[in-house]
Every structure is written in C-alpha cells, then in structure tokens.
Amino acid sequence: MASAAIVGATGYLGTELLRVLSYHPHLTVTQAVSSSHPGESLGDLSPHLERFRDVDLVGHTSAVDTDVAFLAQPPGQAMQVVPKLLERGVKVVDLGPDYRLRSGEEYARVYGQPHADPSHLGEAVYGLPELNGEAVKRARLVANPGCYPTAMLLALAPLVADGATHGPVYVDAKSGSSGAGAGLSTTSHHPEAALTVTPYGSPTHRHVPEMEQALRQIAGSSPPLVFVPHLVPIVRGILCSIYAAPRSGDTAASWSELLAQRYAASPFVHVGPVPKLPWATGTNRCYLSVQSAEGAPVLFSAIDNLGKGGASQAVQNANLMFGWDESAGLAHPGFGV
Amino acid sequence: MASAAIVGATGYLGTELLRVLSYHPHLTVTQAVSSSHPGESLGDLSPHLERFRDVDLVGHTSAVDTDVAFLAQPPGQAMQVVPKLLERGVKVVDLGPDYRLRSGEEYARVYGQPHADPSHLGEAVYGLPELNGEAVKRARLVANPGCYPTAMLLALAPLVADGATHGPVYVDAKSGSSGAGAGLSTTSHHPEAALTVTPYGSPTHRHVPEMEQALRQIAGSSPPLVFVPHLVPIVRGILCSIYAAPRSGDTAASWSELLAQRYAASPFVHVGPVPKLPWATGTNRCYLSVQSAEGAPVLFSAIDNLGKGGASQAVQNANLMFGWDESAGLAHPGFGV
Amino acid sequence: MASAAIVGATGYLGTELLRVLSYHPHLTVTQAVSSSHPGESLGDLSPHLERFRDVDLVGHTSAVDTDVAFLAQPPGQAMQVVPKLLERGVKVVDLGPDYRLRSGEEYARVYGQPHADPSHLGEAVYGLPELNGEAVKRARLVANPGCYPTAMLLALAPLVADGATHGPVYVDAKSGSSGAGAGLSTTSHHPEAALTVTPYGSPTHRHVPEMEQALRQIAGSSPPLVFVPHLVPIVRGILCSIYAAPRSGDTAASWSELLAQRYAASPFVHVGPVPKLPWATGTNRCYLSVQSAEGAPVLFSAIDNLGKGGASQAVQNANLMFGWDESAGLAHPGFGV
Amino acid sequence: MASAAIVGATGYLGTELLRVLSYHPHLTVTQAVSSSHPGESLGDLSPHLERFRDVDLVGHTSAVDTDVAFLAQPPGQAMQVVPKLLERGVKVVDLGPDYRLRSGEEYARVYGQPHADPSHLGEAVYGLPELNGEAVKRARLVANPGCYPTAMLLALAPLVADGATHGPVYVDAKSGSSGAGAGLSTTSHHPEAALTVTPYGSPTHRHVPEMEQALRQIAGSSPPLVFVPHLVPIVRGILCSIYAAPRSGDTAASWSELLAQRYAASPFVHVGPVPKLPWATGTNRCYLSVQSAEGAPVLFSAIDNLGKGGASQAVQNANLMFGWDESAGLAHPGFGV
C-alpha cells in the first residue's frame, strides 16, 4: 500500500477523497490536514467515514511525508506548499486551480494574486486522463481539472480536434450546489436556492481560461467560448448542454460516432442515450450524448462534480502516476435513483 | 361582472385559472367543465379554492353560455368546441395549441391529426399582449401562447425585430415539472426527476413552429432556432438562457437598453438584474436580463409557466378583449422566497 | 388608508409583510426600516415588490410615526423600541418573541438576556386571533405568535380545552427552510439541507414555553409537551403531526367534529382531508385534519410559516386592532401546486 | 463465486440489488427476471450498470437455478414461486412481504388475498440480522423486512426488550419517494410531491402487523404502536422519530448507552449524534441517536430505504446464509453530501 495525505480534508472535495479512498486497493490515507479544524477528529466531523474514525486532523502540511498528497484547498494555498512537498519526494495531485494555467501572468489576472511558485507551472500536468493520460503517467505534479472543464472538455475536445465544429461554442452548464463548496453564501442558502435556477459568474468565470488553454493543448485550437454556469437545486452533478454549428455534412449521428470511437477504450466515458445525473453520482464516470434539435447536433455531458469533476478523477490521476490500473478503486457504478 | 367558464378545470392550468379568477374584479366563474371528473365538486378536488367550494363540474361544454370561456385542454379538443362557442357569442381564450398555428397543414404535421376547424385559424389572434396587444383587443378568439414561446419571444422578438442578432439562436430552457401537466409520466416521477436535469423532446418539440411563426409575424423574420427544453427539479418556473451572436457593435448593455425601451410601458415585463424565478411565481410577470459572458451578450427570461406562461396571460388577454385594464386582477407581486 | 411601518424590512418576514401589504385595502406602507441595509432602496433589494420600488430604507426606528408598526426583528430588539412607539401612539404588532412570554424572568431564562421592557409584558396581547381575537381588538401591542406555536395551538388548544386528550402530547413538526430566516447557517446550506430531514433544537427549543403558556391561557392547562421540529427540504410550510391519547370514547371523528365546530365561523381555519402544504402557501390559512392510525386519532396542522405563521397573521391582527374585517387583504387562496 | 438471480430486476429494489452485487466478492448475478421487460437488455434499461450490460431479462422464474434468488416483487408473487425454488435447492431472500407474517390468516387480512404457500410461513426467517442473525445463518428462506420496520425495530426493539418504555409508542416516519417504488402515482408525481410533506396510509398501513409481530418475537412483547409514515421530498432515506414514555429513571443518556451496548459488535448499526440521511445513502448502515426533548428521550433512526431497508440488507442476509462475513461487499461508506 502507498500512503496518502489529504490536505483540506474537511471540505466537500476532501471528504469525497476520504470516501473514495476508504476502499482503494493500493492507497491508504495516513495523514489528514485541515487548517479550519486542527486537532479535531475525523470521527467527530464525518461519523460515516468509519475507517478514519481515529484520524486526527493536523493544521498544516509541514509534517506531510506520504507517497502522494491530494490538495483540496482554495486558490492560493497549494502554491505555498507544493515546492516543499515535491522536494520531499511527495507526488502531488492538486484539486485546486493553482497549477492549471501554464502562465503565471494569466494566473495573476484570473485569480487576482501573483503566483508564488511559477517555476513549477511548466512541469505540472493537466490531469484529464482520457485526453492527456500519457503525460499524467510521468508526472509528479498533476493539476486536477475543474469540474466544469472536465465535463465540457470530454465532450468538446475530440470534436474540436477533428474540426467538427465551426464558429462559437455555447456551453450552458447546470451544476448542483455542492460545486460551490461548503462555504456559506446567500446563493447556496436553501431558501434562495431550492426554487430557482441561478445563472452566475457569467462575466468573469474562472474556468474559461482553463478551458481555452486545454482546448489549445489537446485539440490544437480553441473556438470562441461562451460559458454560462447555472446553479440548479440538486446537490451533486453537472450537466453541460453544448451548442455549436457542425462542420458541413456533420450530424448528431456523426458526432456521436466520433465520440464513441474516441472513447472506445475508456472505462469511464460512455457515449449513449440522454444521461441521467444519478448514473454518475459518486463515480468517476462521464456520460456523453449527442441529440438532434431541429436538425442541429446538441452535446450533453454529465458527471458528478465531486467525482469525475474532482475527487475520483484525482484518484484516477494518482492511479496513473503510480502505474496502477487507472480504474483501481473506482469501478463502482452510480445510483439509478 | 362578466361570466366565465373554465373548460378543463381540474388540470394545472385550469386550477390556476380558478385561483387567479378567485379575486378578479370583473370576471366571475360560473361554469366549470371537466371531462375527467364530471359530477364531482371542486370543493372536494381543490379544497383550497374556497370560492368555488360549491361549484359542480359538468362533463361537456354544450351548456357553456358564459361571456368568455377559457379552454385548458389537451391538443385536439378545443377545435371541436370553438365553433359552437363562437356561434353562441362566447369569447374564447384557448390555452391549448389548437389555434396557435395559422396553417392547418402545419398543425397536422406537428400534432399528428388534421385540424377540425381550419376556418377559424385565420381569425384566431396570437395572444402575446406585449407584442400583439392591439389585435387581442379586437379578437373574439385568442390563442394563448405556450409557456416556452412566451418566455422566449418576450426576450428575443424585440431584438430580432431590430436586427440585433445574426445567425442561429440557441434557446436553453429550464422548466419546472408543472409544465408537463398533471398527467403521470416516468419523467415526472419524483424519484426520477428530483436529482437530475433532463433534456427532453429535442428532436420534435412542438413549440418551435409556434416560435418561428410568431417571430415572422412579430419581428418580420425568424433566425434559425435551436431549442432545447430541460426539466429541472422545481415545480413552477421557466428560465430561458438565450445565446446568439450580436450585431456588430452590440453589447449586453445595448441589448438591455433596447429591451428596456421596448417594455417601458409594460406593467408585466421588467428588464433588470439576473432574475430569481420566485419573483415571478404565481404572477403574470416576466423578468428579463442581459448579461455579458466573455464579452457576448446572454439573454435570460424568467416567468411562471402556469402564470405568464399560461393562466394569468389568458386572463390578461381576456382583460384586453373586454376593454378592461390589462392588469385587472393581476397586480399581485410574486414571492421573494 | 392607515399608514404602516415595517421594521426589519429585508428579512423573510419583513419582505413577506411588504408583499402582503402591497394589496391591502386599508393599510399603506410608508416607512421601512432595516438596520442591515440603511440607505439602500427596496427596489434594488426586492425588485419584484414593485409598489415599493422607490422606498428607501432607514436604519433606525426613531422616525417611525405611522399608525401601526410591524416589527420583524431578532430577539431583543423590539423591546428596545416598543415603549417609544407606544408613547408616540403607534400601534405595534411584534412578530418577534419579545412580548410573547408574560414573565420577564421566563424571558430571561429562555432568551438569555434580561427583558428591557417588562412593564409592557402584561399589556401585550398574544395575537392568535382565532383563539384570542377579542383581546386583540382592544390591544395596542400585539405579540404575534411563533410559526410553530400557531400551527400547533390551532390544532391542539380546542382539544385540550375540551379535555379531549390525556397524558403527554407529542408534536412532530416539519418545517421548510425559510423558517430559520435569511441568516446563513450550515443547517440551511443547500448541500446539507436538500437531501435530508434534520431534527433540531430538541433540548431547548424556545417555542415550548410559549406553547405551554398559551395552552394555559387559552385552554386552561397544558399537558406535558414533547416538541421536536425537523427541517425538511421545502422552503415554505409547516406540517405538525400531533400525537396524544384520546379521552375514553373519543375517536378521530369526534376530534374532527369538535374542531370543525370550533372553527365553523373562522375564515382561515379549515378542517378536512389530509392537507397539502401548497394549499396554504402565501396565505393566512391553516388546514387541520384528524386521521385515524391504528385506531388512534392523529392531528395534522398545515400552515405557511411566513404566512399564518408570521406576516399574514400579523396583518390579521392589525385588521382586528383597527376594527376592519379580519380578512381584509388576506382572502387570496394558496397554490394547488 | 456463488450464482445469484434477481427476480424483479427492473424495479428500484431490483436495480439496487444489481448495483450492490456489481462489486460483491462472492456472489455473481447470472440471471435476471422481469415480467414487465422480458427480452429486453439490462444494458438498455440501466446503462450505468455496466457489468450487466449484456444480461438479457427473462420473463419468468421457471429457469432460475442459481445458488440464491433475490425476489423483489409486488405482494402475492413470491409465494407463487418460492416452493419451486426451494425444491430446486435455491436459497431465497424475499424482499417482498409474502413471508414476513407468520400467519396465513393475518396475511390474508392485511394483503387482501389468501396465502398461496402457507406451509413455508413457519420456516421463513425474519431477516433482521442484528436482532435475528443466528436464525438467518441456518435459513434457506429469508423474509427481508420492510424498510419502515427495519428503521423502527433497530431503534426500538432493544428498548422494548429491556422494558425501557411504557405505554404507547408513536413512530413518525419520514420517507423519500423511492420507497413507494417505480410505479407511477399522483402522490409521487413531482409537482405534487416536491413542495410538501404528505402523511399517508395511516389507517391501514401494512407495516404495523409486521412491526408488532417482530417486537413480540424479538423483544417478547409489543407496546401499542401508532405509526404514521410521511412522504418527504427526498429520494432515498427514512428517518424515524420515535416517541415513548421512558421507564422511570431512564433518560436519553441511559437509552443511548443501552443501544450502544446492544450494537457494540455490529458493523452496520451506529449510535451517536443526530444523523444525516446521506451518511446512510447507498449503504447497509443504520444511524441511531437518542436526544432529549423537554426532558423526554426521543429516538431517531436513519437508513437508506433501498439499502439497509431493502437491497443491501438482503445481501447481508445472503452473506449470513452462505456463511460469509456479513459485511462482504457492503463496507463502503455513504456520502457526506
């Protein structure tokens, strides 16, 4: 067994990492860090995670000396600790945004603070295994993609790479409330959230630069993107509805075929009928579908934002980094209801 | 007081009509028709509609002789009874689709049955008062728009009329479950609906021909439309997110200004911040907003599908047909939460 | 028209007061106070409350000189301002708890702070009009009941007064999330609230002393009460399920008959079939039902916690204090769905 | 590997059985029966259950010859096939009610039809492993308890057995909508269910005779039970709030201690803080808590109705019947959110 540390163990992504790793065949969590609950016990905070009942939370990463560390922290924190972790020989999967953008200037523009560790930006590998898996295998620092980019890129990147779209691409994303995290906000206050659909963050959403960079890297170029996330009153799940003009001659059927071929060997990406989000809940799976609306192909992509959009994808990346089967510990199916 | 009949009084739209008319200053419901509950009492079926406690449901429209009849029936039923109602001098507001399309051939193609009363298709007025109110005032037969077309047209028609968009328009609509009506279906079964977002009906959605016809009539032409409705786990409300390329030089601000001017005199259409659906719940109001996403203007339109998208718009149409203030009985605001 | 001030105009109860009063025939809101949003405009905070679009919020009550003031504030604030309001001749309906308990010592024990205005505790009238309406008519200071006591007392008080129960009474209450107010909390965070039912506050719930005092006053005595509120994932509505041993010979039918007689003349309390919460949403209505479970009568009571459990009951009290019809402005029915 | 058949494979319990068994270490599903979808493929019906992608559904049980059969059928069907299955040497876990009651007369009274296989009623073992596990180990026919009895008995039976309660016991149960199954009904129609809490089935609920019989068997006697189930707008989960007068001297603390001792060796029943239903979602776990309300102890019991209340408890029973670790394949924790 390799040892793992979870940094940010009490947020939603950290808790999901603990849940997923509670039955991993090769990884065992030996350290858990929480700056907000130092000295408390996971058994008190998350009584359902029985395997970690007796794990005490430490307040800082200085003692982390595991084989791998999963960082699930707000922007700006990972870049403070990654250099030391790498120096100590700890492999790192960062679930936050600090190492997703290749350019420190871009990071500063998007996140409003200078990057504290620009020297590792070039080394960090964008951890979308289906599209970038070979690089992940060789990485010691993986930047786990955001939940929205994961859902969107798995659907769109193969089409863009093939030249199957032209003109702008409109991504209308619907996300459950867990995507905004455990931090309290009016938008996520139950009385405000439960009876409505809330478009948000349109003007300056942080995921667009990540999407564009990934499309350029993976698909060679990025079309103009219009990305509008909406909060819907579910807890887990993202559905992206993606609209773009098809290449002349292309149809829903040809797009579907292209995606099916692209993911034929992938254990986690499925191309088929209109997806139900509960198929993906708690899993590392992505369900893609291409339907025809008034003759135009429309793309749907469904994931669990905490699963394939976060914690389980991080574990998939770790599996590749250690040379294990990428499905290790991730094979369980989702709920039907 | 003028007298009103509700035909289809036990469906969601019929019940909403009773609710709205329970405090109308000029209209009083004297007849209620239900083919599914003939002989039953509204007091038993809808105990909260106290004013109608002693109204017994009749099974057919043959005895309807009110000043106005509101028809809230499935496709194919209104066209069987409208000729006789008009003959008897009853004004008609049809909340179903039978008189929305101008062409009997188009109706047959979309609804899969020949039109039984093509002679009145030319006379029927499309009842979107903000865009077609003068014609409504002179009408004796009004085709109340569908809920999706209402939300979409109020946002888009002024822009199309002004030439402010070019190329295809993508309408991503999110609707609460009441929009599908009281009829049971797997899609609306709570365990299937509550944890997901379901795109549906994409290939052959019946509202697109209605939208295109209305745009041609109101705005002079229709752009190519890609319309994808999604079921979201709320009960009342439609949010349309509308994506289109702007005319060169146009911005979110210019679109917003154009809409604000267009609806400056309208008591029911408001242009402002990103809307919350509960503002519209139970009302005849439509909340429009134009936001900027990566520099592109994005349109949002929010209504209550049973209100402005159905029953209260039908009452607004009746108000105009009788020469009353169009706001009569419709002034109450929505819930904040 | 009489003039009204809303103090605490931006909380859920304050906003609901504005909504209800936006169509009241005798009351017009001329002042709105918010300590959290002084100087802001209601039009910006609540765009859907159009009638108050141009009302600016003031930060304190010193200028309040309306005919009546509705106080919708956290515990401990009303008692600071009520003496001056009464002195100025302003009638007061306090929606908070400061004047519900008759004893300053009890208040200090329950709310953890001494009462600042004990001299008016004896004068304050407990504003449950169906059970205490004559006193309300003569009051200048009314303590509006809490939402839970309202639902529970309307069901239970007539039975206790008649001796129809014996032994302890168990009240299992289910409340929507708006009952906890607009203040952010982990319990009301959508991801934590949406998929569960949360019993809360069991040990020291503040409403029990209020319930017991009211039962002693209205019904002559109070049985031992076990009261357990649960947060359920809806926004508006309280359903109380009440369990008690019946007097020998009593049945569900005899309890139902007793309640029906008690409320025969009440426009707002209905005794009938198992209620649906949406019947009560946005209204001043209470729906009671007695069902038989394994031979034992079980009581159900349904209200809107912001309506009959708050804002609309406050308006009902004001109607009585001014000598108007108690239904003035409160006649609209709830939603079926 | 032992072979398993799922009879009723397309209902919610059948699908959950497939999900749970998709990663069981000792059981492999080789046959799936569905009378409603004969000849169809599980891959089409439940695309997320990838392991069963190529399993075709057969329409009847005549060919079932596995080591164990899980029957997840409506009342009245299992008793038609159990004799033949037993004759063929197939162990049976029946998730329906046919073998829960010991008396054919009682069955006929409760389910409205004579029992077709009364000769096996005496042999069938009530499959609540924590309270009846030794008998399960020796059984070839296990009657899996209902979801409500499971939640209620795990909390109450040890207390009744110890004499820790006196007088009537009130069980106020809140259940998610999956408990009513995949069959369409108005009560489970999303627009009717999503905004309310619905008490149902009070007069003749079928689970009470099962609860009383089990209490007599397990605890020696049954107190008078008043059981009222409520539908709440969640999908998975049951929370039982249980009210009873304590034995003189007993408190919440003493009850909690008694339960903690009783379940000290149980891997699936936990006694601790007020539970969150998502802790139990998708698992075989039961979370118990005793809180104090106005000095009275109140019991809470939380399970997943499809998990410990159905499919995973059936697997736990099978584990015992085959002599395996009772936790085999059931160790995964629930979701935090």
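Each chain gets a letter, A, B, C and D, in the order it is written, and its residues are counted from 1.
As a working rule, a contact is a pair of C-beta atoms (placed from the backbone, for glycine too) under 8 Å apart; a residue touches a chain by one contact, two chains touch by 3 or more.
Just so it is clear, the model here is predicted, and its values are computed rather than measured.
**Q** Along the shortest chain of touching chains, how many steps lie between subunit B and subunit D?
**A** 1
**Q** From the centre of subunit A, which other chain's Cα mean sits the farthest off?
**A** Farthest by centroid: C.
**Q** Identify the chain pair with more contacting C-beta pairs: A-C or A-D.
**A** A-D
**Q** Same or different: do the copies subunit A and subunit B touch each other through matching residue numbers, with over half of them shared?
**A** Mostly same residues: over half of the interface numbers shared.
**Q** Using mean C-alpha positions as chain centres, tell me how far subunit A is from subunit B in Å, no decimals.
**A** 40
**Q** With chain centres taken as the means of their Cα atoms, state the distance from subunit A to subunit C in Å.
**A** Comparing mean C-alpha positions, subunit C is 45 Å from subunit A.
**Q** Using Cα averages as centroids, what's the distance between subunit A and subunit D in whole Å?
**A** Computed value for the inter-centroid distance: 36 Å.
**Q** Indicate the residues of subunit B shared as contacts by at least two other chains.
**A** 12, 178, 191, 194-195, 233-235, 276, 278, 337
**Q** Show me the residue ranges of subunit C that touch subunit B in the complex, using the header's touch definition.
**A** 12, 15-16, 19, 22-23, 46-51, 178, 235-236, 270, 272-273, 276, 278-280, 282, 285, 287, 306, 331-337
**Q** Given the complex with subunit D, which residues does subunit B contribute to the contact?
**A** Result: residues 12, 176-178, 182, 184-186, 188-191, 193-195, 233-235 of subunit B touch subunit D.
**Q** Where on subunit A is subunit B touching in the complex?
**A** 167-168, 170, 172, 174, 191-192, 194-200, 202-203, 205, 208, 224-228, 230, 232-237, 239, 241, 243, 245, 274, 276-278, 281, 291-294, 296, 298, 300, 337
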